[in-house]
């Protein structure tokens, strides 16, 4: 099933989530200047899925329901699915300049599909059956799903039970009909404009922490849920704009997140996908992570980089410097960085494997998905720096387009801001770039899908150092495989 | 003469500059939420000069008037002057978290002092005498002076006379009592809260472009001058703030610039310091540049880095991660970057020379002032990235402090935002860091005092490659000094 | 056909190429301590192809002759062929610690196969037919083929005809039975231990330079050919070694190249694959280049990195520092660098395409093969630096293993060189690493398959900036596709 | 006293140190091709001190003996001394292309001078008196002094007493007339061509490890001392050279080190400068380290970089590419890197302080000397990479100059190796660069004066984070100085 953007908006208009921004409750999320950008972004993703030219990327046929579905709801069954999943991330970033807000939900569902299959097999539970039924339901109704992973965490030097126990989402009551959960999830991109949020653990839990090993789905607007939105300079700018074209990403805005509060929320068993299986939490997290590092960490940022590269090249032309050797060199470096992440994401998809064997779920290669994200971490800041170099100081000292409407200074601006292109064009592209190089993207790109440190730990854990030691020993003329058995002479 | 902050504000309140921001004319620059931050920053610089603990750094005795003056008005007479000039840049950055708006004016005056001495000597002009009298007047009244350098430029692939001639400030009329100038200067930090602006050429001019080889001083509010301010998300955030403590740099704000329009402005001869001497323009620009690259490019950003490092360390403590090996490593790297720029600025000051000999004016070493700025260009983005890594995604997804005042969600926030420190503290420091890592500073730091490319060209031009070729030839057993005489065999 | 290492050596022993090293003519290339390392390396490649565990990587079935062949002689017919071609590069590097000397020949043959097909189609020539027959002959006899690309070049600021015309290989005579060529090819890895060398142009030629647009095959030892070998410290070390185990890569040595002189060499028409078609030279070079940048530039260096990483980890264990946080961090960074190149090579292979359509020849994706090489350029020096950091100064200050045999100092060495492992082991691995971090590899890795600048130019030329400009315009609210039509207002 | 190079050689010829290289005992260190390079390098340092044009840099007047001395024997008394000490390091590197072998000795003497003054003051010992008398003796005779710091270390995860106790140099017997010491010092540059070696601890020792807290001077050739030299490819190349002009640094060679074995060596009390004062070891090490990081870590490598930059520029001219934009950019980057280290060394010298107050000994600033070295660590590899990029693959694939003497191939080489310059010149400079970019320098530069990790730990320990936290708190509107008192809310 593929619904129209309009149908999505209508469905959404019937929900009444408790959303707060800048100290105020939002009356209508379809109307508030900030929250509306998320609605428009999601609507665009619905629209792209109906566009024949993007059919292969944006849709697939679900083996669960035998119908064409939005790829955001697909459980990957093969390498082509993974490749198209990453391609969707590139495309939606190119078209939105912000999140496809259905992205984390998709990756959480895939991570859980793999893990629930394994739990069911080993523990004779019903999680995988439930998850498949839930996904079928989502697919049949083309529902928007968000994913909730990162907990509040409190004091990072302490385990959950050694501090305020609510710092990590956990089960506070087990009932015959379901469970009651409490806690909060940070950095939730687009949760309040989705139909559902799927929540999973943020880290590996140990014996004794069973209440924290919990995964479930919860509908937007459920009893006990509040969303406290991010608020920053860009929020203020949008709330104060007289015309959205004053803004850097006029329609879709910046990536908007919220803190979801889960205050004793009831979840019926049929929507619970893990409850107490601490020994599966590490796997669940790692599997979600590699999907998300390929998509959000790698591919998505390629789409963003395309926008920055395109705008920077335009600005170079507006200024008449596009043939300068250092400009060519810098644009090339931006391409190298972006296409490196792109290559890593593609390798992650095409070298992905069924995991676990027999599950029917394909997940990306661990090493390449993690290096995809790491390269993005390091590279995206460089792309920002290079764009700022070429585009010039004007990107951060520019006046407002409103000044172009003030007759006292309009002529001055048109005269003194023009390059080879007229002032208005230059201001539009400068504002567009300002959004990228003087806003949230540096940190967001680094932290999204896990900070660099998380990928490093994963790489170190996964890499087969023993095998490489053997190779070195063989060539160096040492006994192979005695690396671990070093003796004191 | 040293006046009080209050006296500065009173004097300023008597001026009526035409200032526009976000499409509106500013009625009172002491009162508008944005323009007021510049007033407060300047007032703080007056205050620091009166503070005994900063006396050596912030003040000196002028040989021109024999009185104690604010160092921002000093013409450097020796290496200690240069060293203290750079130290002032570090200190004001640490105390303001934004520009000392008297900084570019100081560096323009020094660059011109050196050059006018030389022009007078070679051409028997009166520029240096005029400049000294003007500086004496400034010192006697402790006036705030801004510097205007960067022109509008238009099509960067064309010289001034091959396009709209107003793209560079130039003389449009020479009269018996003075000159009339037209054009605009971009990126003017703090011009409209200064008493005077000193304007100089932005680049080397050639024969035939004499009208562009012009330097002069003009009072704030002079007939024909308009200031069109930058306007961006951070402007909007401040204009919409209910309490300045919601903001990242509550009192002093971000670095605020404007585009100064000079629409047929009359300058009496006594305030003209260069007029037509194209063959001195390259020197004038290079001398200003090395002062400004040492101070604004190098030292100033050390003060900013100190603030980021301090805040990042605080945040690490709030989160309980300050002893993690990777956090220690990243903080150390931030220190390395910052102290490298610091060392370069100090070497530039202490290896500076009287230039030209006999002028009595000391300017920084060329090589070290340029590497100071270049290292800052490359390093500041890295400092931002590292701060964002340690401080976490919260820095860009945080809600507003206003939410802490909304009783419906106050408790949620206090509970879920706390680390080892309470929510409010964490939010304050996160907002403070947001201002640094998700705002204007990356591009501003790169472009301020000239983009990286400008420093590279200067370094390449200045470095004695011939001398190094000789050293290599000597050791390699080749005839020394024949590098230039390579023969076709 | 797959022959044995022994058969290869026997065949080689019948050739009598003129090879010079260190001022002397080499009497027997199978016996000279330096040239012998190339023979052993090639022999190992023959051996690997016969090893069942490497069958999929090292061999394939040729559609030309319908037999199993060494993959070094395969013309790639699909993406799997490309993937396995890259996998072979990783494997042979891991096993040899130096070149698979059949690698450039393989990539030249593939680049020419694609181009000759196109020339034949457009010009009704016979190049492709000849090439296929030549390749069939190679496959049927499992011959070792080298590739010759880089010319002497002379004054790089001049075209071939504006200087000594022999600076680029060219046709000096066209006869009824063939052509006579003159010139030299630099950096020839393994040419004198191969059966044939295939020569192609090093750059794009223009109208008027038809004599330079020449590709052909020439047997080792042909009349008019001389090989002048590289000679450096590592050559001397090997020539002076009492036992090859004193050396860093005892059996296979360092990558050994020679300058091939072609002094009026006759080539029969049947071995000429291009002669005068200047308008195809750019394509031929680009196609060879992307094969070689995927394989030699990307994949091969992954195998080298594996050896360095393995040895570095071993050394860390020998010293007892393998758990230090900074050691873990550095090893992880080495992995990130290496696996990034790996991912790029894999993406290049799996996103490769038939080129030209209908030719049946598959070539790697342009963008990913070029970023594979560029990342290797930048990353390999970093891997060297990190290995040197962990392994310690001993890697460059170590004594010789011979000292272990001198009874006067043997005990001292065993006592003072030991770590957790005995002195001999530590010395072996230190010498092994010395070969990597204090030898030819930094420059070789940067320059092999073309210097970084070559990849940058290719990337800039290939990247679709127009498409990205459109994306930016669409989001910024500008008319799409007017980027090129900027108007002067 | 300043002696002549000839006098130095004559004095040296009377010593008979036990020196081993490549498994053989060296019969005459003035004659062996490898050990002779050290003699020549030291002789050159004697020569430079007599050259009037280098008088200010190479000499000073000693307050101890009231005579002109070689600066290598000076105890720094003020900032000018420190600045000239660093300048000497630049100069000798430029002139030698290898170590001034008197450099570590100089820095050890200064570190000990500061520390012995303090021990004497606190413990009423006689170390400082002895040291001053020893230095006076050295100055009066213009003796060459080496410094021994780095111990064998064995298992780095264990303290000295938890493993073979000889892994660190220590006192094995205390007698009425002196002490007996045992152990070994690694990486000793030039020790066997010096008159004396001054040994000091390599790290901070704890209570219980008093035997290891030992510093002393020992004459070259003393009973019980053996020197086991490094041996590597470059050693072999030199030993096999027919003419030193075949070599990259013909006269002075590469930096040659040895492992000094101290096998129960007797030291009379008058030459003991620390014995048991474990609580002063950290200080002694840190003080030596900052001298050495300024000089060897920072300044010395500036001289090396000058040689590389000069040679690279020459090669670019030989090839005709010196005006290519990317070549200019890369040369500029090499200059930036080198001059950054230079600036750091200068700032370290000029901001140095008397330490401890009253001692009369000036030591460099801690922060700047450590960043000098760290920047060199990171930058030197980059300089190597850039030189290799510009100079081309020929740097690592070049034949020998001997081939130019072989009539069979001489003409070929002259023809095909020439650029704009003749083959011989190009080969000389290529060989010169090979020595820099394909040899020991990458690791040596990183590890010399302590590995990067050592500087990082020092920087982290020294930097005033508390002060920076206060600055951030003040601006962010938080109570100042409560950073350490974070409360759990």
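General remarks:
Note that the chains take the letters A, B, C and D in the order they are written out, and that residue 1 is the start of every chain.
The rule is short, and it goes like this: contacts are C-beta pairs under 8 Å (C-beta built on N, C-alpha and C of every residue); 3 or more make two chains touch, one makes a residue touch a chain.
None of these values were measured; they are calculated from a predicted model.
The set of chains in contact with chain B as well as chain C comprises A, D. Counting steps between touching chains, the shortest path from chain A to chain D takes 1. Most remote chain with respect to chain A, judged by CA-atom centres, is D.
Work out the mean CA point of chain C and of chain D, and you get 38 Å between them.
If you average the CA atoms of chain B and of chain D, the two centres end up 39 Å from each other.
The multi-chain contact residues of chain D, meaning those touching 2 or more other chains, are 155, 326, 329, 418, 420, 488. Taken in their complex, chain B has these residues touching chain D: 94-97, 245, 248-252, 306-311, 313-314, 317-318, 328-329, 331-333, 335-336, 339-340, 342-344, 346-348, 350-351, 367-368, 371-372, 374-375, 414, 418, 420-423, 425, 428-429, 431-432, 456, 459-460, 463, 465, 467-478, 483-484, 486-489. Across the complex, chain B meets chain C through its residues 155, 325-326, 329, 488.
Across the complex, chain B meets chain A through its residues 20-25, 150, 152-158, 164, 166-167, 184, 186-187, 226, 228-237, 239-242, 257, 259, 261, 263, 319-321, 326, 381-382, 384-385, 388-389, 391-400, 402-403, 405-406, 408-409, 412-413, 415-420, 434, 437-440, 442-444, 446-448, 451-453.
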